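Below are two complexes that have chain A in common, paired first with chain B and then with chain C.
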Partner chain A sequence: MEITEFKSGTVTAVALKGRVDSSTAGTLKDRLSKLIESGLAQLVIDFRDVAYISSAGFRTLLIVAKQSADAHGRLALCGIAGEVKRLFDIAAFTDLFLILPSREEAIAAIAQAGASGKSGASASGKSRT
Partner chain B sequence: MRRPANLVYTLDDIPPLHVTAFNAIQHVGLIAINLVYPLLVFHLVDTPLPMVANLLAVGMIVLGAATLLQVMRLGPIGSGFLCPATFSAAYLSPSLLAAKAGGLPLLFGMTLFAGLLEVALSRALHRLRAVFPAELSGVVIFMIGLSGGAAGLRSLLAADAAPVSAAEWQVAAFTLAVMVGLNVWGKGLLRMLCALIGLAAGYAAAAFAGLFGNGQLNGMDNMPWVAAPGFGHLSWSFELVMAVPFAIACVAATMKALGTITVCQRMVDADWVRPDMRSATRGVLADGISTALAGLLNAVGTNTSTPSVGLASATGVASRRVGIVIGLLFLALGLLPKLTTLLALMPRSVMVAALLFSICFILINGVQVMTSRLLDSRKTLVIGLALIAGSSVEIFPVIAAHAGASWRPMIGSSLVFATLVGFTLNLLFRIGVKQTVALTIEPARIDAQQVDDFLRQQGGRWGARPDVIGRASFAANQLVEAVTENCWKSGPLTLQASFDEFNLDVRLSYRGEPLEFPDRRPTDQEIRETDEGMRRLAGFMLRHNADRMRSEAQGDVATVHFHFDH
Partner chain C sequence: MAPLRTSPVMHSAEIRIANQLAEIGKVADLLDAFGRRHALSERVRHDMSIALEEVVSNIIHHAYRDNASHSISVCLRLAADELQAEIVDDGTAFDPLVHDAPKPSGSLNERTPGGLGLHFVKSLMDNVRYFRAEDGNHLTLVKRTAGPAVSAGGRSATQLSETIENGVTIIGISGRFDSTVAREVRERLSQLIGSGAHRMLLDLHGLEYISSAGFWSLLAIGREIETRQGRLALYGVGDEVKRLFDLGGFTGLFRICPTREFGLDAVRGSAS
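And then the complex of A and B:
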């Protein structure tokens, strides 16, 4: 899996390419955790070039969402379509995250939420505990 | 059955009178454009104008009866959906062949045969789907469009056709431009009725250009406003050699009726998952009886109207009551000789423009159906060679001219020839395609791409739907991942996949503990904080990804079966 970072103001967009499964989820978690620890907790994860996500990938998203919220950051997802969208639906993850069609819209949503002073809005607040 | 949010009036609702009437008129307008098919056939054999008008009136009555039969559910007949009948392009090419070979009696006799055959096929829809896969249906639909377009153009450009005047070209171009313009840039009703408005504009342009013969329109003055059509013309004949072209058209009509009724099922049920074969069987039976009735009363073959179902979806009015009014309207139109005579007078320039317009959509529909499956080299060759065969007959009429009399009905029609070539190659290329295949996976060297490629390549050989193969691919990969990380003990994993036209089954066997497939999703906290939570999430996703699944253990060998409806 390829991971590419883009900075846009206070928001960091992370574009993924390939498969998010047990062999790549660890690398993704480490990379995103480092960003959050370094103070870059306003995150957008772009799934446009992701072909597959397994339970290991979904677990990573939950962990990163919690880390981001704990650091008073926000997390949005974008580019989720086709087969990946179907997998989000059957895993019941679609309503759990702020999901927007494009990277630009996701960055704008995170930046706007930051400007309006909402904190800890990493997930949509419907976490099942 | 749950009502979709965009549906204003569903099957059993009774809309207000003005809504019912306005919608029914729109449907009649949409269906009326297909009157060009019988007109083209009647013109080919130089049928006298009064006879054409009478046959069109009979045709309207057949459409009315067919629509009522489809909508009202009489005993085991009729789907019960708002799915009106129309004259079908599927029967155009064989009808032209029959009319040329044996005149109108042969056309009507063979239409009766096709209707009875469809009645029989309605009892064996499952088997039909197995020998007539989607890519072949796509070839047939595409060739219906191509052969219909060529037939229309021949009425203008064939060597034995009367030369086309400049005025005729202008009227044809104007008619087509109005239809295309309204379809591309029009909105609402203008767009929906673009073909009918174009037809009216074409008539006006033809009258302005003087394309109606001397006294043709004036002759209508002496006709009564209301009169029942005569049935003194009834005649039928049959030719064995015509059975193949009409059987092919009948199969195409059956598949289209099945598809249209499936669209109706989805339209009225937000919880729709897969086709309900009960209403489909009833609907195809009604469709067959309608075509038999058409043959019996001397009209051309009918079929369910897909554009009409599209209109119901667009307006959100799918009430059965509207269908009943459409049927009654057609019965009433059959009693108006002035109207049917006006339609019978349609100038060829207007008729061909309308035909070309409607055929564009048939061609693209064919392409979409052809490419709705994964295509490997075998399927590619079936489609490619069938299309080349069909096109060759249109481009080089000498092929049919040199064929023996008994072969001419098969080779003389591009639709029939392409279908026969495709059908034969499809059966031939089944040789060597295993219906069950297996892949051995070494846990030390798991390659997700290998599992994906294995299923996709096999899916291509089988002609499986890409979305079903995608679901199977996820099942295999997620299961291999979950098993190797949690349950595996020793030895290789065996992945087995089996396919027929209706089922895809995937089975994974391994030495180790059975994986749990819970019905309830673990909580976010469980998934985040425990390996157990992630494992249970994998099981939960796998359970909901397949249409059916089961897990079993014998000794230390665990096996998981996934079933996907196809």
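And then the complex of A and C:
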């Protein structure tokens, strides 16, 4: 799996390419954790080039989402389609995250949430305690 | 009429791996090659790929208490209308069917990461079978490879799909359910009840037609389940099929639920 970072203003977009599975999920978690720890609080994870994500990948997303929330950051996902979307629905993860169709919309949503002071961690606001 | 039970195995491929996470890629490659060779659909390949990864990684993480190297075997088999994967390991006894993999819910902080893999397996596979033998755990994952076949008469052949969710056996009956298949369907459901399926939910979304023979089979199954203090419910009853239920006076004799969730609640006894 390849992980590429793109900066767009205050938002960091992380584009994934390949499989997110038990052999790659650890690397992804380390990378995203590092970004959050270094203070990059506005994150977009782009799944457009991911055709496969197993429970290991979902566990990583859960850990990263909690880490982001603890750091008062904002997190959005984009490019979720096909079989990946189907698994998100089965795992009932679609309620946990702010999910936009494209990277541009996700970046805009996160940046806007930052400007208005609202949490971007979940569209329904359910993720904050 | 298409056979309801699987035909003799036609093609197979097997691999043995060590209990190391790095080896999981070999199983993925095996499935990939097998899938391409037999032109399996992307859906079937994806779902079996996820299920295999979840099962094998679970074994690697949890099946062994020692630090020794163990062998896990994965055998893929393609029958007429289903792809099977049998995973054999010699670790501690673990029957995933008795383990609860509840449907995930709740806010971010209420979610625990455990159980998601098993939930995927039960949601994506059409059937999961387990037995414990002298050589260890035998888990078979089954994924149907075809939608309803179309017979010469242009009507869909009868197909049964089986899945287990939270202790409820969900049976999908699609195509025609008439006197030509009624006995076989009844026998299969009876078999499942006999091996412990006391909470049964029938998914009738794909049902095109049901005759009185079909209705009588369902009634018999309902009675059989009730003698074992179990419950039977139906959902996915479309307008046409509902009309047949009404015409035959069968509507009041069954628990007909509006959705799968209502159906699951009904057989679990959380609703009247």
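The definition used in the following text is that the second predicted complex is superposed on the first by the 119 of 129 C-alpha atoms of A that agree within 3 Å, B and C clash if a C-alpha of one lies under 4 Å from a C-alpha of the other, contacts with A are read in each partner's own complex, and residues count from 1 in each chain.
In this text, a residue touches a chain if its C-beta (ideal position, glycine included) is under 8 Å from a C-beta of that chain, and two chains touch if they have at least 3 such contacts.
Here the structure is a predicted model, which is why all the values come from computation and not from measurement.
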item	value
Chain C versus chain B on the shared chain A, clash or fit after superposition	clash
First (chain B), second (chain C), both or neither touched by A:69	second
Chain B versus chain C as contact partner of A:59, first or second or both or neither	both
Chain B versus chain C as contact partner of A:83, first or second or both or neither	both
Partner chain(s) touched by A:91 [first = chain B, second = chain C, both, neither]	both
Which of chain B and chain C A:108 touches, first, second, both or neither	neither
Common interface positions of chain A, toward chain B and toward chain C	21-23, 52, 54-56, 58-59, 62-63, 66, 83, 87, 90-92, 96, 127-129
Chain B - residues contacting chain A, complex	446, 448, 470-471, 474, 477-478, 481-482, 485, 521, 523-525, 527-528, 533-535, 537-538, 540-541, 544-545
Touching residues on chain C, where the partner in the complex is chain A	21-22, 24-25, 28, 42-43, 46, 49-50, 53-54, 57, 103-105, 107-109, 111, 113, 116-117, 119-120, 123-124
Chain A - residues contacting chain C, complex	21-23, 51-52, 54-56, 58-59, 62-63, 65-66, 69, 83, 87, 90-93, 96, 121-122, 126-129
Interfacial residue positions of chain A with respect to chain B in the complex	19, 21-23, 52, 54-56, 58-59, 62-63, 66, 83, 86-87, 90-92, 96, 127-129
